[in-house]
Each structure stands twice: as structure tokens, then as C-alpha cells.
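Structures incoming, each one as C-alpha cells.
First subunit A sits with subunit B, and in the next complex the same chain sits with subunit C.
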Partner chain A sequence: MDVQEKVIQVLVNIFQVSPEKISTKTTSDDVEKWDSLNHINMILALEQELGIRYDQEQVVSMLSVREIIDETKGMLGLQ
Partner chain B sequence: MTTYPVLREVQINDYDKVKSLFHRIGMPSESLEAWKAYRKSHALKKAAKNFSFGWVLEAESNIVGYLANIPMMYSYQGSDVFVAAARAYAVAPEYKSHGLKLALRFFKQPGVTALLCTTTNDHSAVVYKYFKAKPVPQNHYNEALFMVFNSWRFLRAVFLKCRIPSAIASGVALFLAPLFKIITILKQRETCSRRQDLLLKRGCVDNLGEEYDKLWTIKREQEVFYTDRSVAVLQWRVNIAPFSYHMFGAYLKGLFLGYILLKIEQVEHLKLKRCLIIDIFGDFKNDENLVVLISSLVREVKDMSVDTLEIIGFPQAIREAAKRFLPFKRTITTWPYFKFITQDLKTVCQNSDFWYVSLMDGDSSL
Partner chain C sequence: MNLSLSEIQQELKQVSNRKLQGYRIAVLRNITAESIIPYLQYYAFKSGFEAKVSIGNYDNILQDCHGGLGADNKPIFTSETDCILIFFKLEVFSWFLARDFLSLSPEKRESEIERFLDYVEQTLQAIRKQCSAVVLWHGLETPIYKSLGIMEDQMRDSQTSTLKRLEVQMKDIFSRLTNVFYVDLADCITQIGINSFYDNRFWHFGAAPYSLDALNVIAKEDFKYINALKGKNKKCLVLDCDNTLWGGIIDEDGIDGIKLSKHGLGGSFYDFQQELVNLHHRGVALALCSKNNEEDVWEVFDMHPEMLLKREHIAAYEINWEDKAGNIKKISESLNLGLDSFVFIDDSPFETDMVREILPQVEVILVDPKQSFDYRQVIGSTGYFDSLQYSAVDSQRTKMYQAESGRRKLQKRSGCIDEFLEKLGMEVTVKFADEKSIHRIAQLTQRTNQFNLTTKRYSDADIKKFVHNDTCDVLYLSLKDKYGDAGIVGAVILQFSGDIAEIDTFLLSCRVIGRGVENAFLSCVIEAARLRKVEIVRGEYLPTSKNQQVSDFYSRCGFDEKLRLNIMDNSVDAPAYFRSVVFD
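After this line comes the complex of A and B, so read on.
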């Protein structure tokens, strides 16, 4: 499973939406349950799933699926 | 799609827009006088020239997020500890994913030794934990002790809290009040202790004598983390809402032992007038003196036409004395959080006696 698939899977679980509702164009505005609490839950889930630790500055700016994938790939040295 | 909000420092002229935000999301707003008072905190005289009083998220000329930042001075072993206390964390629903930016600014601010978040809810607690803040080291902070003066109003408040409609809550409370009154008589039957040599005298905070500063000068040298209780700070705090506070000096054979500070709050949504013991501070010599003083305090509060008297926090000795008169308990679901920046404080704060936790801490009673 690649990074994009893993990220989308985590988002689907945390925000309790169907996979079709999450794409690389999705932003926090598009997801009803994407508030700061679930944002942290999402970050913690991604960190656990991928074995990484985001910087806090990064975390607050990851407000779209595209940004999350890009930052995550950067953390994993895939860019 | 919502506009991406811009984060900036709050200015005093943002007051009306922040008030609108609070109104829109159903949070109680503060007076402009309180806003101005925070900017006159005594703590600023000792530290952080470029202190920020909070941050806002702004979108389309509206304030859509706000977090206040109150400067406070603490003391440990005679040393000043500059603390920033978070207050009034509010974000408009359509910008709910951007709230973390405010929290990040709070936790990353320069020039402070400690960060304190005393008014939390389950949601903000998760945010604070993410930024490595910890619950204050006081084992019983989530257990408020209280006594009831007005059974009907208390029961009505309980039912209102359970979201029972007001008319039904009032009616059922009226029906059950006589029975509950008997319960309060049975539980609150601790006899009032009186001693001629140990007195509680009502004081005016604007005219506190030098004995208050002398007490603070002695206490601040202890190995205890205290919020600043100098006369200047007591006056600053009380004068934010002067008609809500009541100060009592405690005297043993004419000698000043310490003071008790009360605050009366009207809890609008519960239609309850409650009296909170904000501070009990002094050298009370022994627990028996403390019992007599709290007994005197209960007599004073009875005359204030309040519905309940409540105590939150404080070391075990004070709680044990209070428990004799305030036998009811309620659990507070939230907990104050703190984060120390310096390693020396991080090490010593593990001890549960380290912090004299009360409603004087942070913005708990502001």
C-alpha cells in the first residue's frame, strides 16, 4: 500500500466517511468532522501507522489531503 | 469553500468582533474592562516586554478564531516564574480545522517559563496534551466539595443541567426540595465552632494592610509553586470584577494569620448563585484553626443569599477541614493543564506537594 492509500485510509477511519469522499483534492472544509480534535487524532493515527513524527508547525498546516501526502512523503524521504 | 484565515496578534480594537464570535458560538463574552485589565497585569512589570495578549484568526474582515493569553507571575523558592495562561479558546464552526494554529502560537510563544490552561473541556484537553501539556499535579482537583443553602434552587440547577425543561425542572425541584432539605440538614450538621481569639474580619481589597505583603514575602520562599499573591496582584485580580469578590482576613489574638477570598457567581444557564472559595492562604498554625475559620466563613456566606458554597483544589489538609462543612461532592470532568519550559521546574513538578493549586491559578476565577 503506498503513502496516498494509507493516508486516505486513515482519514476515512478518523472522519468516518466513505472512501469515495476522500481524494487528493479534499480539504478540511469538505469534511464535516475535520475539526482540531479529529485533526490531532488523524495526525496521531498517521504517526502510528507510518512510524513517523511530524513537526508541530507542519501539523497545523496540513489541512488538505494533498498537503498531508506531500508532507508525509517528505518525512519518509520519498520526494 | 471558506476563505483561508489569517492568524495575527489580537488588538484591543478587535473587542467587538471577538464578542460577535463568542455570541455566534454561544460562549459568554467578557467585558471590555476585563480585556483592558489583562493588559495591566502586574506580571508585565517584571517580564516579557513584547508579550502578546492573544491571537485571532481573521477571514473576510471577521474574527473567526480567538485565544487569549494572560500574563501571570508565579513564585518558586523565592524566584519569579513568568507564566502565560490561555483563556477563551473559540473557533467558528466553519473554521474548526484551523483552531490548532492558535494553540501552536500559544505553546510556541517566547519569553515565558510556563504555560497554563486552566479552563479546559474534553476537546481542548486533547489539543493541550498533543502539545505536551500535563494535568496539574493535584490528586483531587476534579472533586469539588460543596454545601447547599437553598435546596429548591440547587435541585432546579441539577435538573436544568440534565437538560430538563425549565418549567418542569422548577416544579419537580419544588416538590423534592423539602426532602432534600432534610438530607442537607443531616449531612451539613457539623456544629459551628467559635473561638473568641480567632476571628474572620471582612476586608476591603483596596485597603489591605502590609501584613498581606509580609505573608506573601514569607510564603514565596517556600518550595511550593504559588501564583503571585502580593497585594498589587490581589487588587488587580479583584478589581476586574470588584462586586463579585469578598475578602476576609483571619486573625488569631489580633495577629494576622492569612486570608480567605470568595467569589460569587451567577451561573445563568443553571439559574444558580454560587459562592466559590477562590483562595485560602496563610499560616494557620494548625488544622483546628482552619476548622474554626471555615466554620466562621460558612456563617458569613449564609448571610450572602447564595445557593451553594464550593471549594475546588487546595492541599489535603485544607480539603479535610472544608469537608466537615461542605459534605457534598461533584466531579469536574476537566482538568487544568500546564507545561514548563525549563528543565528545573519540569523535574520538581512531579511532586504532588509542589503546587498549591486553587482557583487562583491561571484564569480559573478571572
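After this line comes the complex of A and C, so read on.
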């Protein structure tokens, strides 16, 4: 499974939406349950799944699926 | 291994398909604690409940205890709530005690301690006025950095010793109240290490101090308490022998070849056996289920010099070549313990899979002999057998189980059941509860699931209240027979109002079910009711998944469809096969 699929799967689980609702264009404004609390849960779940640890900047700035995928790929050395 | 959040969310998808009993949890907190919800739901699910969690307002614990409303405008807890979790982080309440300790004058220090304890007391009093839910208070965390470093441990009035003192004072408050327990966060920290416990990234802008692993461990710890109070704790551990109790195979390696010693390669097994002996002392029934020649196994038990586990620790056994699922079922029948209170441990995936498949109620642990150094931890870390009661009776429990096993075997031999029961020479004594019996009676209400008409769980303090209440009688039953003294094995709580005696609780330990003891007990209960000059005895039956066998108990004894018996014209007789039934 590539990074994009994994990210989307985690978001689907955390925000309890169907997979069609999450695309690379999705931002936090489009998802009802993407509030500050679930944002923390999302970060922590991504870290558990991918074995990485985001820094303080990334934690507050990753508010869209595009950004999450880009930052994550960067962390994994895939860019 | 602890599951990740995603794995837990996958598991939780099954919850909605099952019709599970609801378990209402309220969380009061002065930190962000919402992320614990999936973990609470997961461990509830593992215990057969569907958790319904409501979260109190941020840093509003005391106000929430005085009728605070949650985000959905509903009360955060009500009299229906089963459990209240309190997260009360010292940093948030008293920066002085937690972080700025060195600048505190002795007077200020004492006044902060007083303010803290006062808050704890007021919170708990407010909760107790409204509901009897179990309260789990998450205790003080060890300071990450000691305020005086290594000097700290050399002093009497250091921050560390001040917080230890505070902890003791909190526990004093808890012990004066019913069903309030101290969950030691320092223990949770020890389990995963302080660096894994905190995630400082979310503390300053989210007030969320703990990592996901920490929340997982905390929820798991909470459910040790909940399971113990709900009677969900395990009571029997079924053990394989070869490569579980010792290294190697007795049939192949011989008594001199197996690995079992205090030091060296056999050390893991020696350590593991000590853990098993400790479980025996805690009242857990140990049973053997292995594919061996029986005499080979007993030869190790009797002759091996480093064998810590002895025959006397074993409550029941099935050592033969039949399938283990069938054998475990036999053990459960012979001990008269439900399969859902069983844990089975084996090194063979074939056996563990088979038991999982055929007996899904049994908790199954697969161990790997190549990692035998982990055996001790595997059994020590589960919390399966945790109970909130401990008494001298517990270490005697195996003797009672062995006697039960012997009784069952005799039962198979005697054709006629009454004749068999007569041969037992049973002597029943029923008495009013006194100080000495309160603890055991409370323990019975906690543990008993099968012969329990109402399954109401009571603490020592609850029973004490009943005993001192003039409108209540608490009776207990003890039983002796040719196999020995079973001790206190039954309890009844009667509440009187007008000319009616209500049976609030009627229970018998599962060890004595099937012998007509209940009829002997009921005959004494009716005598007790007559002493109070009431006319009607009314029973109550609250069905659970385990007490079906007593659903018609009162009607079998002549009670009408409203479960009432007019004792002016009716009575219940003790069966004739008892040697004696004494009520005093």
C-alpha cells in the first residue's frame, strides 16, 4: 500500500467517513469531524501507522490531505 | 502487544453488530482526555460491554459534579452511570506543587495541600450524593524531573515525599467512601517508560499530555478494576505441561533432561512456576490439561527437585490423549466454573487454535518456548485474575475446588442423586451476619454469577450498612460435609417494610450448586422473616447471561407469579438428605 492509500485509510477511520469522501483535494474544512481534537488523533494515528514523528510545525500546518501526503513522503525520503 | 489506534478502530466496527450490554462511563477532567474514548470502547468490548462515554467540560470537574451539562446539553453523569473516571492533573490544579515547588514556603505548601485535598473531598462527596457509580481516580504522576535532582531522595520534605504524603491522604479519603478507587498512574508510566508516556507536542496548545500508548495502558488499567467489580475476572488457569511448565518434552527428554532450574536455561520456567504458585495463593484455580502419560507428569511433580508447582496446587487435571477442548470442558464441569472464567496457556498453535475455535469463551494464550524468558511477563501483565478482594480464604480455595472435583467424581459413581447427597453428610448452618463475616459476604456478592437471583454487587461498606440497618437482615450460610468445611458459601439480604420481607439478594457460591442447599437456606430465610412477624416474603429475579438456572427458583419453591409467598400458610422444607440444618 502506498503512502497516499495509507493516509486516506487513516483519515477514513479517524473521521468516520466513507473512502470516497477523502481525496487529495480534501481539506479540514470539508470534513465535519476534522476538528482540533480529531486532528491530534489523526496525527498520532498516522505516526503509529507509518512509524514517523512529525515536528511541531508540521503538526499545526497539515490541514489538507495534499499537505499531509507531501510532508509524509518527505519524512519517508520518498521525494 | 498493544494494538494501534487504527487496529482498535477496525475491531470496534464489530460492536454495532452485537447486542451488548451498555456500560455508561463519564470522564471528568482538567486536561484534554477525549482520545481515550476508543480505548475505553475497545476494552469494554473485550469484556462484553458497549461503552457509552460522556466527557465532562474541560477543567470543570467540581462544577460538573453539581449538575454540569455536556456538549449535547445532557447531564455528564446521572444515577444510571456505571463508572466515573477522573483525570485531575496536578500541574493544572496547583502549579506550585507540581512545578514551582522550591519557591513554596512551608505555610504555602501546607495550604496548597489542603486546597487540593479539599477539592478531592468535595468532588467525591458531590458525586456520591447523586450516584453510586464506581469512581476511578487517576492518581498523581511521578514528577518527570525531580525539583532537586539526586538531592531530592535524601530529604524528608522534598517534593517527592510531599507528593507521596499527598497520595496517602487521598487514599484515606477514598477509603471512607464506597466504590472509589485509586488508579496509580505511576504504575502505568512504569509499564511503558516515561519517554513513551508523554507527548509534549500537544501539551502546550492542546492540553493533551499523554501519548496514544499511554492512553491505551490507562484504559487497560481502568478495565482491570471494572472487570473485577463486574465479576468478569478469570478464575481458572489451565496449563499445558511440556514446554509450558518446563522446557522440553518429558516423554523424550526424561526427568533429568527437561529444563527446569533456578539458574541457567531452566530459569524461565522456574520463574514462571513461582508466578503460578502466587496465583494459587490469590485463589486462582490451576488446572493441568496436557497430552502425556499421566504417571510421567506426576513423576516430575513428585520427584523433580526444582519443581515449585506441587500436586496440592492443582485443582483439577485432564492428562490424556483426547482433544484439549473437550478436556477443558470437563475441567470446567468438574470445578463447576463457567468457561468464560477460564484462561488456557499452551505452546502449541494447534491446541490454542482449536480451543479458540471450539471454546471461544476461553481466553487463550500462546507462548513460544524460544522466548520462554517472557513467560512470567505474559502471565503477570494480563490482569486477568485481578480482584479487589483478598482474604485468607483465597489461598484455601484450591482445596475447596479439589473437594468439589472429588464430589463430582463420586457423583458420577452414585446412581441415585439423593442417595449420593445423603452420603455427603451435609451440615448447614445459617446465621445473622456479624463483623467477622462482612468481608466474605461482600466477596460473594462480587464473585457469584450463576446462583445469584439479583447479581447485585456490594462492597464491604455496603454490607456493613445493611447489617447495621434495623429494617434489614443479612444472613449467611456455611456448609460442612465429609470432604471438609466449605466455609461461608451463601448469603441473603432481606429488607423489611410493612408486612413484607423483600429478598434483595439470594446467592450461593457455585461450588455448592446442585445439592439442594438453596432449599435449606430458603427455609431458614422464612424463619428469619417470621421472627419479624411479616406475612409475605417477596423474591426478585434479575436475569443475566449467567443466572438462567435460577430463573424459576422461587416458583419451584411455591411462590406465586408475582414471586410472593404468604408465610402464614406456607413454608419451604429443607430436603431430608441433610444431616443437619441449623438456624441461630
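Just so it is clear, the second predicted complex is superposed on the first by the 79 of 79 C-alpha atoms of A that agree within 3 Å, B and C clash if a C-alpha of one lies under 4 Å from a C-alpha of the other, contacts with A are read in each partner's own complex, and residues count from 1 in each chain.
Note that in this section contacts are C-beta pairs under 8 Å (C-beta built on N, C-alpha and C of every residue); 3 or more make two chains touch, one makes a residue touch a chain.
Everything numeric in this text was worked out from a predicted model, so none of it was measured.
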Contacts of A:N13 with subunit B and subunit C, given as first, second, both or neither: second
On the A-aligned overlay, A:Q48 touches which partner chain: subunit B = first, subunit C = second, or both, or neither? second
Looking at the overlay, does A:T24 come into contact with subunit B only (first), subunit C only (second), both, or neither? neither
Using the superposition on chain A described above, determine whether A:E57 touches subunit B (first), subunit C (second), both, or neither. first
Does subunit B (first) or subunit C (second) touch A:W34, or do both, or does neither? first
Common interface residues of subunit A - those touching subunit B in one complex and subunit C in the other: 36-37, 40-41, 44, 56, 59-60
Considering the complex alone, what residue numbers of subunit C touch subunit A? 4-6, 9-10, 32, 34-35, 199, 201-202, 205-206, 208, 211-212
Could you please specify the touching residues of subunit A with respect to subunit C in the complex? 9-10, 13-14, 36-37, 40-41, 44-45, 48-49, 56, 59-60
Subunit A contacts subunit B in the complex at 27-29, 34-37, 39-41, 43-44, 56-57, 59-60, 63
The residues of subunit B that touch subunit A in their complex are 1-2, 91, 94, 96-101, 103-104, 107-108, 123, 126-127, 130-131
